[in-house]
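Sharing a structure, written as structure tokens. Questions coming.
Residue numbering begins at 1 within each chain, and the chains themselves are lettered A, B, C and D in the order written.
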Amino acid sequence: MRKICVFVGGRANYSSIKSVMSAIDCHPRLKLQIVLGASAVLERFGRVEALIRRDGFEPDYVFHNIVEGENPATMAKSTGLGLMDAAMVFDNLQPDMLVVVGDRYEMMSVTLAAAYMNIRVVHTMGGEVTGTIDESIRHAITKFAHIHFPANEDSRERIIKMGEDEKYVFNVGCPRMDLVAEELTNDSYSALKDLFVNYGGVGEVLDLSMPFLVVSQHAVTTEFGNNRQQIEQTLKALEELHLPTIMLWPNSDAGSDDISKGIRTYREKHNPSWLHLFKNLPTKMYIHLMNTTSCLVGNSSSGIRECAFIGTPVVNIGTRQNKRLHANNVLQVDYDYRKIKDAIISQLEHGRYERSNIYGDGTAGKKIANILADCSPPVQKTITY
Amino acid sequence: MRKICVFVGGRANYSSIKSVMSAIDCHPRLKLQIVLGASAVLERFGRVEALIRRDGFEPDYVFHNIVEGENPATMAKSTGLGLMDAAMVFDNLQPDMLVVVGDRYEMMSVTLAAAYMNIRVVHTMGGEVTGTIDESIRHAITKFAHIHFPANEDSRERIIKMGEDEKYVFNVGCPRMDLVAEELTNDSYSALKDLFVNYGGVGEVLDLSMPFLVVSQHAVTTEFGNNRQQIEQTLKALEELHLPTIMLWPNSDAGSDDISKGIRTYREKHNPSWLHLFKNLPTKMYIHLMNTTSCLVGNSSSGIRECAFIGTPVVNIGTRQNKRLHANNVLQVDYDYRKIKDAIISQLEHGRYERSNIYGDGTAGKKIANILADCSPPVQKTITY
Amino acid sequence: MRKICVFVGGRANYSSIKSVMSAIDCHPRLKLQIVLGASAVLERFGRVEALIRRDGFEPDYVFHNIVEGENPATMAKSTGLGLMDAAMVFDNLQPDMLVVVGDRYEMMSVTLAAAYMNIRVVHTMGGEVTGTIDESIRHAITKFAHIHFPANEDSRERIIKMGEDEKYVFNVGCPRMDLVAEELTNDSYSALKDLFVNYGGVGEVLDLSMPFLVVSQHAVTTEFGNNRQQIEQTLKALEELHLPTIMLWPNSDAGSDDISKGIRTYREKHNPSWLHLFKNLPTKMYIHLMNTTSCLVGNSSSGIRECAFIGTPVVNIGTRQNKRLHANNVLQVDYDYRKIKDAIISQLEHGRYERSNIYGDGTAGKKIANILADCSPPVQKTITY
Amino acid sequence: MRKICVFVGGRANYSSIKSVMSAIDCHPRLKLQIVLGASAVLERFGRVEALIRRDGFEPDYVFHNIVEGENPATMAKSTGLGLMDAAMVFDNLQPDMLVVVGDRYEMMSVTLAAAYMNIRVVHTMGGEVTGTIDESIRHAITKFAHIHFPANEDSRERIIKMGEDEKYVFNVGCPRMDLVAEELTNDSYSALKDLFVNYGGVGEVLDLSMPFLVVSQHAVTTEFGNNRQQIEQTLKALEELHLPTIMLWPNSDAGSDDISKGIRTYREKHNPSWLHLFKNLPTKMYIHLMNTTSCLVGNSSSGIRECAFIGTPVVNIGTRQNKRLHANNVLQVDYDYRKIKDAIISQLEHGRYERSNIYGDGTAGKKIANILADCSPPVQKTITY
């Protein structure tokens, strides 16, 4: 039995890998190991740990590695701490392979620990282009990874161009689409019925049978210092539109404190009746919101990926998703409240788009598990040119 | 004044960057900051710190980050600790750029800290191919680096192929050649006269006016567990040749304990009169040894680089320098005492080779300092394709 | 010049040592070094760092060591990280003495670093009895400390009984009284005039010319798991009293999340018009609140110390200040909303108490600086019996 | 079943707690958990880990926390790292109690982790007086410990005087005597027959049927900088005596490098035929050496404890055992080669002493296990006065 360890560092991570975890767990020749760290173990980010357990998974190890401060120095320090913890964890778990998702800073912790300890590194969502520190992290992980599962063809080609052996680069699509496909077999309006009762949040209850917006805007770490002003442009656009709006608090990147403060200050000052804030929603709820919203606004990768698969109109703001392959459902705008407002209006007029499979067809998890059961790349990698 | 921070993590590091440090220090528009860590601060590796001070440099920060154990898990843990330390150091020093040398595991510590903290990363010796964990580290650093100074043309092209912007990739040659060029203006035999008196070591005094070998063999981290047997093959070849031999103890990679033990056991058992061991020699002495030895044996990168510049015959053993560009002075062999022995004999018959400039012409330091004073790449990198 | 390093780990810390810092800074034979860490560098706790700078002090080093999670394991992990950071900081600052305040968990970090590095440890506020983990920490610091400055006679005697050399145990009073004495030369009602304008917080503006309560209740780490219920008893008592109440958010001990959540939930549910919450107030404002409130409620040490000096009526809840010497201004009650309510009513009826000097006369800072300039205990301590 | 976790940090530790581990393991109501760290996991200190496994124990967790450097700053840093590791380990193991031995610096790591995490701390060998940093550590651990097992009556009384509740302070004797008592049922000369064959070491084979010395001298951390000179006085005394001498390398305290260097330099210079060095000997061998040597020399605690139980003549040098209770078998001398030499001669003339039970009667392990099965002190400690 191959021991396949999956590291989950946060909520988005978990959505991106859950179908893979299930498929590994069910596979007769694979043994699933689960390690949780970073924001996945923090109350502040909605305790993904509890969610994972509710889904029937049992974490093998849990570590706390986020050093408070939310500035670039503590982001680095947290990664160092995670690396030390991961070294100890892997020394005890002795996995054959480690599955690493995407590109958040904590992913370098587990990637380095595994690579240095001669554990094969499996990377999902590599090869994408975003023009942020996440991009450097993503490509650096690619250089340590032994098996690559990019989420689209564009990315597959880029990974190979970077010198990776194409024998070990597989475009299986994005595992998040697996969840979307599965969840959308249910009716969205029924699913969302008790949203405000069940998940609380702050702000008034909104009528989701009417056109409404969903906003998810995260910190851009390389623009540390500007994040407060960026969210304020978005808020100003929303203020003028005065449409029912569901907004999500930002994740834990350096700069997220500024965004949170921007939102909090706005709320205290304007007490907007049209705005409802959620700390964290179950992925399922979020999928149904994407399926019913008139327009998704912000810089979340879900706008690029899931919304392509669903056909949701999206206004993507700023540089965070800069160069990620997107379908025609996305309008790209700067941090300028007028442009944000105009783009939202334009999307409202357009309405729903056609589904696109550029990020997969909803069967990525199973494809990945099958490949992991058989693929045996050498520990000692080398560039192809 | 641009603040350029140079991290030195060990003796080899220092030789690779010393001429750059001098050139930065002399440059009217650059301010040099020096940070020492990893094996550069340990007695066991010859206290490079003391050497650096003797050369007239004043370290701004010194940190201890090597976790004892010398296995893959502590290598990872040491890197994590170094990352935490580096975050704190850079937070205090606030450099504009960080210069990172090569590919040893501790280099990921400072690279990540700088990259996450929006400090531009300058990388020397990138783009080389060796087929070991060092190679993954080297390419990962490339993906974080903003300015690249590969040591040869081959590497420059590879870095660009990996998607780096060619505006920021400069083949200036290897800065270690600067030291060699400078040192070889002195006579080697005079320089080596009191080698055994001044630098002690263990074993009998050898007559360096006669043909002699120099051996430097380090652990191959991806072959952890085999290192003992690998050094034993080399020792067996040397045993049969019975030539005067100067051997250097291995550096601090995972597995170095096995090599040290192999050497120690051999010595205690055979008490070889032809073998003299040095823990650490000043770079100068090592240069003169390369200039006078009949053949350099092992897997040190000096055999590939400096010996090309000098014209020294080299027998390179095993996979550690696997795919590094080399001149025609190198014979490559497996871990097999017969092949090692035959290759040494063949090199003794050939004698000195012509000088090759594939690793530079001895002016890399100045070229680098000049570029750093003017070059301003964006903090936010992105791949070129 | 003796280099005296003062470590500040949070807001309460700073109030406890500020007059000492000033006195050291002014002393002709002492050089002040300032190191900040733990919650002193976090936004979430009101950025004591900024406050310190505004007071004219310049920190020599700042480190982030709080690992998120706010459970007992991360409290331990934070202490470990602080110890690693402190070792590096002291190695660079090379102080002759380290001043450590009180008993919070982070204080073990700097105490151990100093003691192991042969730096003399100076401890204020030792010898007190509280029956919590803080007490064990406090006494353990005493066993590492070379010079002791207990805040009252009772504590002085206890320290000597524990085997410390009485030559080095000085009852100088509590330095926090220095601040109180100085601040109360100003009129409290004028000072508080723009409290709500200047310091925001959440909840309605209260009329401080009428009788009002001040509540400050922190987590009890050895009762982890019960903290939510404990704060709920207090909130229930307050609910019934319906008096204007200023409440402070808890500090960063394990369990503080539960308290915060208890408060937040209560507010969202009851939307109490009588309650105003402040995240952090300047010490000055807090002193004037203690001077004007009808009763201070909770488990803050300020109820025991400052309120004795001022004569404020206090209701102290639960075990946190269990055995600390207190004057007759304090009523002690259990976690029971009826008893809390009754005690508050009883204090309202009693009104202001006579000032007590059991915690000093307001000149501790100068006394401490003078002693530090002359006192030279041996590095190598030993017990007296 | 109570889960009793024993932390072993080195060879001496293990000897001090082995009989307790066996007794816990055999007890029907106790479950033994074993955690190894510090020098117990390092080759350099003889891999106590392997020894423990050979004795039939299975470690539950192993962590590497020694940061290289062997100076006071890395001693502190190692403790910080150990504390972080221990927090994670205890979070996974969830022991009811932690058994901590003695007073070495790494013991603060596990003690703090346990105390902060509400795990009861059990301390053996507390209450002793040595006048070194170890003493401060020992007493600080006492202030965190819930149950105390001092090794003699003197220590029991001291712990109670320090304010610990006498209900939880038990003089059971020193568990190391259990091993001695058990081992000395075998004949020492037979046991030592193949000492040199089996355990190697460096230097010539000595005739142990003739009078011989055993020397064990460790670094005194508060005298960092003087350790080289101290060992040189001892070596000079030995040089003049020219008796067959078995010497042990020092343990890993700050300063041990200096002692090792002193010994190594002496050996290389004088090549003494009378001196044999062992890195580490099994405790059994060491017991038989204490039983047969004419005199034990140095500053090891075994001279004070085991040698009292056996009746071995001892010359104790310097301050390390300064104030530990000793029987009349010990002569105390300064770091002065003349005094050392005279004291050795005087002990040779005196010969064997009477056995003393001041450090126990050889049944400590069982007594401790029985008490741990029943004793339930409150988590929340407080001083008795």
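Going forward, a contact is a pair of C-beta atoms (placed from the backbone, for glycine too) under 8 Å apart; a residue touches a chain by one contact, two chains touch by 3 or more.
Model, not experiment: these values are computed from the prediction.
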Fill in the blank from the handout: Ordered by label, the neighbours common to chain B and chain D are A, C
Exercise for the section: Tell me, please, which chain's centre (mean of its C-alpha atoms) is farthest from the centre of chain C? Expected result: B
Completion exercise
Taking each chain's centre as the mean of its CA atoms, chain A sits from chain D at a distance in Å of 52
Completion exercise
Between the Cα centroids of chain A and chain C the separation in whole angstrom comes to 41
Fill in the blank from the handout: So chain A residues touching two or more other chains come to 73-74, 77, 81, 84-85, 88, 91
Problem - Residue numbers on chain B that touch chain C, as the complex places them - result: 61-63, 81, 84-85, 88, 91-92
Handout entry: Residue numbers on chain A that touch chain B, as the complex places them
Key = 72-77, 79-88, 90-91, 105, 108-109, 112-113, 115-118, 129-133, 135-136, 139-144, 158, 161-163, 221-222, 224, 254, 319, 322-323, 379-383, 385
Exercise for the section: Enumerate the contact residues on chain A facing chain C in the complex. Expected result: 41-44, 64-70, 73-74, 77, 81, 202, 257, 268
